[in-house]
Structures are given as structure tokens and as C-alpha cells.
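Same chain, two partners: chain A is paired with chain B first, then with chain C.
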Partner chain A sequence: MSNTRLDQARDLDFKRQVEKESGQNLSACYQCGKCTAGCPGAQFYDRQVSQIMRAVQMGLKEEALKNRSLWLCLSCSTCSSRCPNGIDVAAVMETLRSMARREGWVQDRPIESFWKAFLDTVKYTGRSYELGVMADFMGRTLRGWGNVEIAPQALLKNKMPFVPSLIHGRYEVARIFTRYAEKRR
Partner chain B sequence: MKIGVFICHCGSNIGATVDCAAVAKAALAYPDVVYAVDTMYTCSEPGQASIVEAIKENGLDGVVVASCSPRMHEPTFRRTVERAGLNRYMFEMANIREHVSWIGRDVEANTNKASELVRLAVEKLRRNAPLYAKQFDVTKRVLVIGGGVAGIQAALDAAEGGIGVVMVERESTIGGKMAKLDKTFPTIDCSSCVLAPKMVDVAQNPNITLYAHSEVESISGFVGNYTVKIRKRATYVDWDKCTGCGTCTEKCPSKNVPDAFNEGISTCRAINIPFPQAIPKKATINPDYCRKIKEGKCGVCAKMCPTGAIVYDMVDEIVEEKVGAIIAATGYDLVDWKVYGEYGYGTYPDVITSLQYERMMSASGPTAGHIHRPSDGMEPRNIVFIQCVGSRDRSIDRPYCSGFCCMYTAKQAIMTKDHLPDAQAFVFYMDIRAPGKMYDEFTRRAQEDYGVQYIRGRVSAIQPTVRPDGKVGYIVRGADTLLGSPVEVDADMVVLAVGVEGSKGAGHLAETLRISYDHYGFFMESHVKLRPVETNTAGVFLAGVCQGPKDIPASVAQGSAAAAKVMALFSKPKLENDPQVSVVDIKRCVDCGKCIRTCPYQAIEEVEFRGVRKAHVIETVCQGCGVCTATCPQGAIQVSHFTDNQLLAEVNALCQF
Partner chain C sequence: MRFAYYPGCSGHGSSVEYEASTQAVCKALGMELVEVPDWNCCGSTPAHSVSHELSAALAARNLMQAGKTGCDCMLTPCPSCSSNLKMGRHRMQDPDFKAGVDELLDEPTPTAENGGADLMETYSVLQAITENVDAASIASRVIRPLEGIKVVCYYGCLLSRPAEVAKFDDPENPMALDNIMKALGAEVLPFAMKTECCGAAMGIPDVNIPGTLSGRILDAAKAAGAQAVVTACPLCHMNLELRQRQAARISGKEFFGLPVFYYTQLLAYAFGLPEEAMRFDKLTVNPAPLLGMIAARRDERMAAVIENNRKSAGAAS
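Showing the complex of A and B:
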């Protein structure tokens, strides 16, 4: 742990950027810790969600973005529903994930790959396609048969059809992705 | 007419963005202005002296001061011109600070606007006339609404000062919330031991008339002369006959009545005396549960009562009292904490409020001071206290700190260790707020001497579980933000330090009293720092938590302060009215009676004038609100100092082109 020179280290533009992108007022956070207290992933986090909020408040960009917690976040929004100051904490976490990717600071590549795999199937089929996600994920991470033991049960219950079900509006869905990519450029 | 104009710099407050010398120079050109000057601080002693000197040297008839808001210094300058021999109403003020210098940076525009406001004041002053106050009699009695510790203190102090007191209490006994407490911080002395003697004093003081189980129905009149209608709610017991022996409460067969005094953790009978030290110690029947009143069958209490005090067909009674001042001391109620789903919506039996816990620890409470959890009577081993429930929480629209919860939680944690030395007490807090004499030391004692475990973090959820031994436990999920990790406690009982809000019905009472109240039911003081006891309605004062969260010492202090304010008001043989009241122009009045009907103060009467009926304003009753002026179709009734001619002259001064 290093001693932080607050007069130099604070990047308040970063805080403003997070507030703008997430639409949340980070100054409203008074660090009660209720988000951390309710977070189902907290025990696996390397930095607690209340500490991430603190890092953003203080404009400490690396502390806020370079951690695995962002990628372990389940987006269940318990933090948002419990926050006494009405901050949508999950939206802030989402913003930070996006910023971490832009900075190239993703701390958990496999999880990022899973996200990409999932979104790819949505892009091409208009909805989720489990087998496609699995295949895409394996291709991206070169991981072998990680969770293959659940496959038989999933197949039996018809939770993992071999043929993707394509929805009517899949091209429109795909256009959302294209438009977003154009906007980013 | 000779008018003098004084332009104040107010240091740099005005001087920095208004060219005061230029404004003074411009003022010299206005009609009737013979003297104009800019001064650094007009309200200072030399500033005021220069006004007096200018009046005397130049023979001025009126003075305009252009400075700050009249709210603070209009009375100051009125006294100044009075010292120089002028009538206090031959003075006008132009607000060039709040309305000009503080809101704009453009010096030229500011200077122009300031000059125009001065012109407006001059035009008004040219049409001013001397006004003289009338004197009126004062009813030297005070109404105290609420019989908690603040109201009791106010009543006792006023009665001590020789003032008659009418106390109205909604419950059947006085004592308020303090009577429910077991111990008080930071000395851990017994609450009822210190309060009960004061309650007895209220009952025995010949100057105090107590209406318990009563509410204020309506209030009319004005400072010095209020008429109060008090609704004495039916008790179904003749209190003149009732001796408080308690036989009825033992024999009543209707047993499952939620005990309001014990905050619902126990039951009482349909006829009940709240607690042994109740004042007045009289029985009251709860008609919602009385079998005789509801079903017509029973009548046990009437048979048992040795004095024949039971009256099943009693009805509410309205009594009228005359008072000269009013002290509101209506206290607080707990915030509705049952909105918190994460704390069980109030459905978990062992998750209780701090007030309920207080009743549990009290020797006169339902468990005789033994701590047993409500669900199965088990003596708890792990007790969790959660602070800021319903305080500092914007999500439920209660963003303020309730002030005294940190202290009573520390007290309750200490008392827990006192009652159950083997128990563990955990306090989840956000910040410990202990600003008071011996307060912080007290919270330190809880941690250092009694081993209470404080954890900095809010609790996110209470989850009931069944333990291996079959008993119910409550997993309290919190975070230790200092440690930076989530924590859990398997608790036997959870005590919520619930925040406070204005008493139920406070808003309605405020409207009856014609005082302001805020969004949370707290009454608004006249000035948050300098007039914390007064309201903006003359003759109405505040004491205790009804004005904002405060602990017992502060409530008592404010009770005494309110009594002192009333005594100061009553110290004069007669009160003087504000002469800025309505006056009827008899030549124009056609006796249509509209003003009489609209006047909210009943200040206008009909009189016979040379055989014709005309409206007439009772000057000491009129409050100068101006409703009659707006109503009069003839323009016959005008508020002195704010006549149509004066207001139009001001408008014309601004719209010259």
C-alpha cells in the first residue's frame, strides 16, 4: 500500500466523467457501507463496492478501475435498491466496467470474454443462444471443458438447444450493435 | 416636506458592486430630498448618530435608508428616527443589498437599480403619515399544548412566575415520551424518578389547569387575547369521582388491548391507567375494545368501581379558555420504520424499536425490567443495535439526523450489559454524534468499560433463520467500512434506533395556530439562530422536539425559554398594537359587509354613524393583513402605511417613461 498524495493524485475530471456517464451524483455517497453489506459477491471482491465508490469520489482512477470486483459484479442491483442516498450504484459499476475496457485495464479477461461471447450470440440470433455462448467462450479463452458436467442435465431439460432460435427482429437487434459501434468511433 | 437619504456601503457588501456616492448624488435630484449622503455602516452607532444629527441640523421630516433587508434593521432605524423626534413611520427603507448588490456584478446596472429603488422609497415616504400605536389589555394566561417534559417545564416556570397556565395533553396522562424511558443519558439516572416529581408539581400547582385526554379544537383571536376551544375527549369515567384505585383495570374482562404506553409490546385492559405514576392517575376506557360500549353487554367495571365513576354514555365536551399566549410543545413520533423491507416490514417479532426496548428495560414495564425477547421469552445473548433507521436516509425522504439516537443507543447498550453481563452488544453506526456535556465520554465508556462492539456501517438486511436447536435467529448482514469487508452477526434480538419526525397531527395544529411547519412535521421557528423559540405568529412560542430533534436537556431549556418569553410578553401592563392596520373611509363605505365576512380576525364590526350603518375596524384586533382592502368594492378600506396611493406612487416612480 502506498501513501497517496491527495493534492496531486486526485483526478476530478475522472469523477466528473463517471458522474456524467452514469448519471449519478457520487458526492451524495456518505460511505455508510450498506451497498457492501448487501452485496452477494462481496466475499469474492478484492475491493468492496463502497471502497470503489470512495475511490471515484476522490478521483483515484486506478483504484476505481483496476480491480476484479468490477468483473465479479453480478449487476443484481441490491446496492442500488438499498442505497439510502438513492445512488444507482450498479449503474456506476457498469460505467466503470466500460471505462476499464476503454483504458485496457480489465482485470479478469475470462469474464470479459464471457460477456463478449454472450453479446455476440445476441447480435447474431437476436436473443441468447447457450451453445453458441459456450463455443464462442471456449474459442476466446481456449478453455477446454470447464463446465461440461452440467451439459447432460441442461440438454435433458431442453435448456441448451442445438439449433439457435432466431427471432424475427434479429437484424434490427444487430443494427443496435452496429449503431453503438459507429457512435463509439 | 424635507427628506434625508442615507446610502449604506455595508462594508464591501454593497459598496463593492454599487457606486454608493453616485446613488446619493442621484437622490438629491428627487422631489423633497434636501440631504443625501453615503455612509460606511449606517446601522453602526456613528452611522445612527449621523442620521440623528442630519435630522436635527436640516430639520428633516422623513428619512430613507438604502441598505439591507428591512427584516433585520427596519426596527433599528425606526428607533433612530424616533430618537431624533420623528414619528417612527416617517421612515422608509430601500433594500439595495439582497435585491441589488448580492445578486449582480454589473456596477453600472446595480447603481441604476439602487437609484430607482431609492426613488421609489422617496415617493412612498412623501405620502407617509405619522401613525400611533393603541394599547390593549392582555389576558395573562398561557396555553401549553403538550404535556411532555418541554411542556411541563414551560408550564411550571410560567406558573412559578405567577402566570395562569392551561395545559392540554392528548394522552390520558402527562409525561410524554420521557415517562416511557427507563434511564437517561449520560448520567444513567432513572427517568421517571426525575420526571415524576415535576408531573406531580403540575397536578398540584394552583396556577395550572390540566386538560388531559383533550385536544385543541380551534383557536381564534390574536396575541394577548386568544380564545381556545378545547375538546375534552370522552374518557367514560367521571374523573371527579375516580380515585385511581385500579380495581376496574384488574376486573375488566377485555384483556387483549394493545398497550399504547408500552409501545404495543404488551396488552392491557379496555379500562386502563397507563402507568403507576400517571398524572392524572385516572382510568380511561378505550371504546374500541370495551364490551359494554361495543356490544352493550358487560358492565363489570361499573359494578366494581367503589365510587360509581363509570359513565358509559359520556360524550366529548368542548370547553373554552381565554389566554394571551400559546406554547406549542407537541413533541415527536417515531418515523414509520415499517417501510424497510430489509428489516422485515415490522413482521419479525424480535426486531423492535428503541422505545419498545426502553419499556422492556423499565422496572415498571411489562417485563418488570427483565430483558426477554418477544417471540419466545428467551434471554438474548447477542443483541444488535442498528442506528439511523429512518434518519439520514433520503430514500425514505428523511434526510436529517435525529440527533439523540447515538446517545440513547449507547445508553441502551450499556444498560444491556448491566442487565445481562454475559450478553454481547453490537452497534452498527454511521457516525457517532455526541456533541454535549459528558456525551462523547459516555459513548467511549460504552466501548471501553462495557465492551460494546461498535461497527461502522449500515445494515443491509436482517434474515431470520432457524438454528440447529430449533430456535429462531436473525442474521444481521452489515459491513465494517473501517475493516473494508462485509460482516454478519447471528443475533437473538435487534433493536432499531428509529428516527423522529413531528408528532402526528402537528401539521393540522400548525394550521390551527397559524404557524409554519416543515415537510417533516416540525414547526418553524422565527429565526433559526436568533429567534429559535418564537414563531412568526406573535404570541405563539415553541418548546421541545416539535421545533426539531433535541434531547431532554435541550427540550427542558427550550421549555424554560418559552416560559421566559411569555413572561416578558406579559410583563407590560398593556400591549401595544402595530398601527399598520386597516382604516375605513366612512364617506366611501356603503356597508356591503364584505370586509366583515372576509376578515380572518373578526376585527371589523358594524357601527351606527349619523344614522347610517358603516364598517369599523377594531384597531387592536386588526393584524394589517389587507384582505379587506382587496375585497372592498369601493376602495373604502385601506391599510395604513400601505394605502393604494402609496403603492401607486411607488409604481409610478419605477415606470416613469
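Showing the complex of A and C:
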């Protein structure tokens, strides 16, 4: 974990951009640390959520965007429900993750690949299909072998269907993804 | 009561027991579930992690499909689905956001008077049961009470959070499951970890995250004296139940051996519904010893009642 550097170049446009995209008022944060105190991801983070909030406030773009924490965030909204100033902190984390992705600063490839594998399954079948997602993910990253440990039980209890469900409207769903991809370009 | 019903993807895979027991319990409570025709995946965490607009578009298609059922609102057993569907609808109340989502869809969403999207509300099945059926009428249907077994209720993050979108129960100390379990005759212990995150879907990229977080939750449940954990979420169930051995290993504890039930399985059990309504066979942590204990306590209690009746009948004659 590194400290917030106040001597770096400040980019207040960046702060305004985050406020606009997340719909949150970052100036309201008075650094009480409550978000960090309750964050289940804290023990895995390389930069704590309240530090990230401070970095945004100060316009320290790289500090705010180049960290693994944005990918490790579990979207549990504990921070949002506890912030005494009513900031939807989890929404700020999601906004920052999108911005980091746009800058090409993805800090955790395996997690990004997992999401991609999941969304590809939805794109092509209309549903998510756990076994397919897991296999695709492991194939892409050669990671996730920890899941093999639970596979025998999952298979024994027939909890992982081998055949994905295909919905009639899957092309309609695929078009949602295609239009989204075109819009991003 | 008639509701559009969105089973969610895990209902067909890892949580068949949740799906079966939800259907059976709703039927018993007179809640008719009409499956949304050709529903699609809500996109879960990966979709909103990538883009709010993409997530809302997947929700919008489902909500428009749900409109075809002629019902007023939609129910889903899965908190992650209900959270996404609620959030999608909530964000689309903003006309600009709605316009962005409409660009992704084959057909734009209908427009309400305020300029936002006119789509139906989604509730979790737990919320619908809580708001439509009172605890007394649940208790009145119980023919096989839980005989005072000690349970903790684990809600996870998404059922009641974020509060202004979930609009259900208390974000820090929810009580809906506690109240149902009490009505079924369980002893519900206070539990500090009710809404602590279990690690969600992070297990696929990194088993250490749910391993550590779920290990802590199970350890606290055990320390509180719980004989079982009750949950309402397929993801939580996967982390606390299917991954229980893994959680113990990663968090450096002995295997907890704690059965983890969906609340609907216990409702079905207490209502005396048939085996297929519970699907206890799908659980990986063997619930048989605990179920045996409930049955033994029931036999004891019945024997005492019969004995008492015999005595008072004897005294009266």
C-alpha cells in the first residue's frame, strides 16, 4: 500500500469527470475511513477505498485508477450504506474501474478475464452457464484451478449442467452486446 | 396473488434445490408464479462491473418480457438478480440514462410520464413473502416444527443494499429470515455477520477471497453455537456450502460441518411438503444428523404430550 502523494500533478477535470459519471459529490468525503473499516476487500486491496476517494478528490488520476482494488471490489455496497455523507462509494469504485479500463489500465487480468468469459456466455446463449464460464476462464488464463477442488462434489450432486440452455431471444441478447461494443468504439 | 417469475440462471444449475423449494413454498402460500417467457441472464456482477448501461439493457429486456405475463410485478429468488433488475429499473428513471440503454435494445423501453422507463418492479421472493404473508399465518401452516434447533440467518450483501434501491428490511440488521425461522420453531441466534460479504463470485478467479471471507462467517456461526446456517442467496450458498471444506482449509480452521439451508427448504420441511419440495439430497454438507435430531425431539415431545393426555384422561375418569 502506498501513501497518497500530494506533490503530484493534480487533474481537477478528472475529479469532475468522476463526479459526472458516478453522480456522486466527492467533495462531501471528509476521510472518516468508515468505508475502509467495513470493506470486506480491504485485506486484499493494494489501496484502501477511502484512499482512493481521497485520490479522486485531489485529482490524482493515476493513484485513483492504477490499483488492483478496483478489480477486487466485491460490489457489496457496505461502504455506500455506511458513508455518513451518503456517498454511493461502490458506484464511485465502478465508475473508476470503467475509466481505468478505458485508459488501458486493467490491473487484474484474471478477474477481467472471468467477467469477459461470463459475459461471452451470456452473449452467445442468452443465459449464464457456470461450467462453461469456468472452463472458458481456466482455458483463457490457465488459472482458477482452485475450483477443481470443488468439482467432484458439484458433479456428484449434479449441480453443473453439461448442456447450456439456449434462449430463443439469444440473437436479440447478442445484439445488445454488439451495439454496446460499437458504442464504445 | 399472481406474480411474474424470474428463476435466474443458477436455478437451473447450482441451486436446483432453491428453485424446487421456492416453487413449492410459493404454491403452498397461494402465490402463483408465472415464469417470464424466454428470460435472459441479468448479467450479474460481471455486467455491472463492466457497464451500468449494459447491465440495465439486459435487465430491460427481462422486464419487457415480464410485461407479457400481464402481472404487476416480478419476483426472483436470487438476490443478485433482484439487485440488478431493481437497479436497472431505478437508473432508467433518468431519461438520459434510459435513452442510452434504449440505443442498445431492439425496441426502446416504454416511457413513463416522468420521462423515465415504464417498467415493472422486481422483488425478491423473500420480500414478497415477508410483505404478503404475516408470521402468524406462516406459523399456522407449520405441521413439522424445527424443534428449537439453533440457527443463524445469513443475508449476504444484496438483499437489503443499497437501501434506497432495495427498499427492503434493514441494511445492517435485517430480520426477515430471522422472523420466518422463529415462526417455524427454530431458535434464532443473534449473528453479527448477517450482511458481511461471503466473497461473491470471486471464487472463480481467486478461491482465496471467498475462502477467507466465508471461513470467517462460518467460524463466527459455529462460535455463536449455531447448528445450521440459513440463507437466501445461491452465491452465498455456493461459498458457504459447496466450498465449505475449501473455506476451512484456506482460513486454517477445522471443517465446520455446518449444514447450510435455503430458507425455502426449511419452510417446505416445516409445512410438511413432500421430499421433492426440499431436495435435501442436493446439499454437500450432510444435513441428515440435524434432521434426525429434529425428528428425535419431535418424537420426545409427542410422547410427552400423549403421556400428559393419558394422565389427565386418567384423572378425569
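Here are some notes:
Keep this in mind: the second predicted complex is superposed on the first by the 172 of 185 C-alpha atoms of A that agree within 3 Å, B and C clash if a C-alpha of one lies under 4 Å from a C-alpha of the other, contacts with A are read in each partner's own complex, and residues count from 1 in each chain.
As a convention for this text, a contact is a pair of C-beta atoms (placed from the backbone, for glycine too) under 8 Å apart; a residue touches a chain by one contact, two chains touch by 3 or more.
Predicted model only: the values in this text are computed from it and were never measured.
Contacts of A:W105 after superposition on the shared chain: neither chain B nor chain C is touched.
In the superposition on chain A, A:A154 makes contact with chain C only, while chain B stays out of contact range. In the superposed model, A:F118 makes contact with chain C only, not with chain B.
With both complexes superposed, C is the one of chain B and chain C in contact with more chain A residues.
Of the two partner chains placed by superposition, only chain C is touched by A:Y180; chain B is not. In the superposition on chain A, A:T78 makes contact with both chain B and chain C.
In the superposition on chain A, contact of A:Q43 is made with both chain B and chain C.
Shared contact residues of chain A with chain B and chain C: 43, 78.
Those residues of chain A lying in contact with chain B across their complex are 28, 30-39, 42-43, 48, 50-51, 78, 82-86. The part of chain B that touches chain A in the complex is made up of residues 342, 388, 392-396, 430, 456-461, 477-481, 484-487. Put simply, chain C touches chain A in their complex at residues 9-10, 12-16, 38-41, 43-54, 57-58, 61, 65, 103-106, 157-158, 161-163, 171-172, 195-197, 199-209, 212-213, 242-243, 245-246, 281-284. Chain A meets chain C in the complex at residues 40-41, 43-44, 72, 74-78, 80-81, 88, 90, 94, 97-98, 101, 108, 110-111, 113-116, 118-119, 122, 126-131, 133-134, 137, 141, 143-144, 146-147, 149-150, 153-154, 156-161, 165, 167-170, 172-173, 175-177, 179-180, 183.
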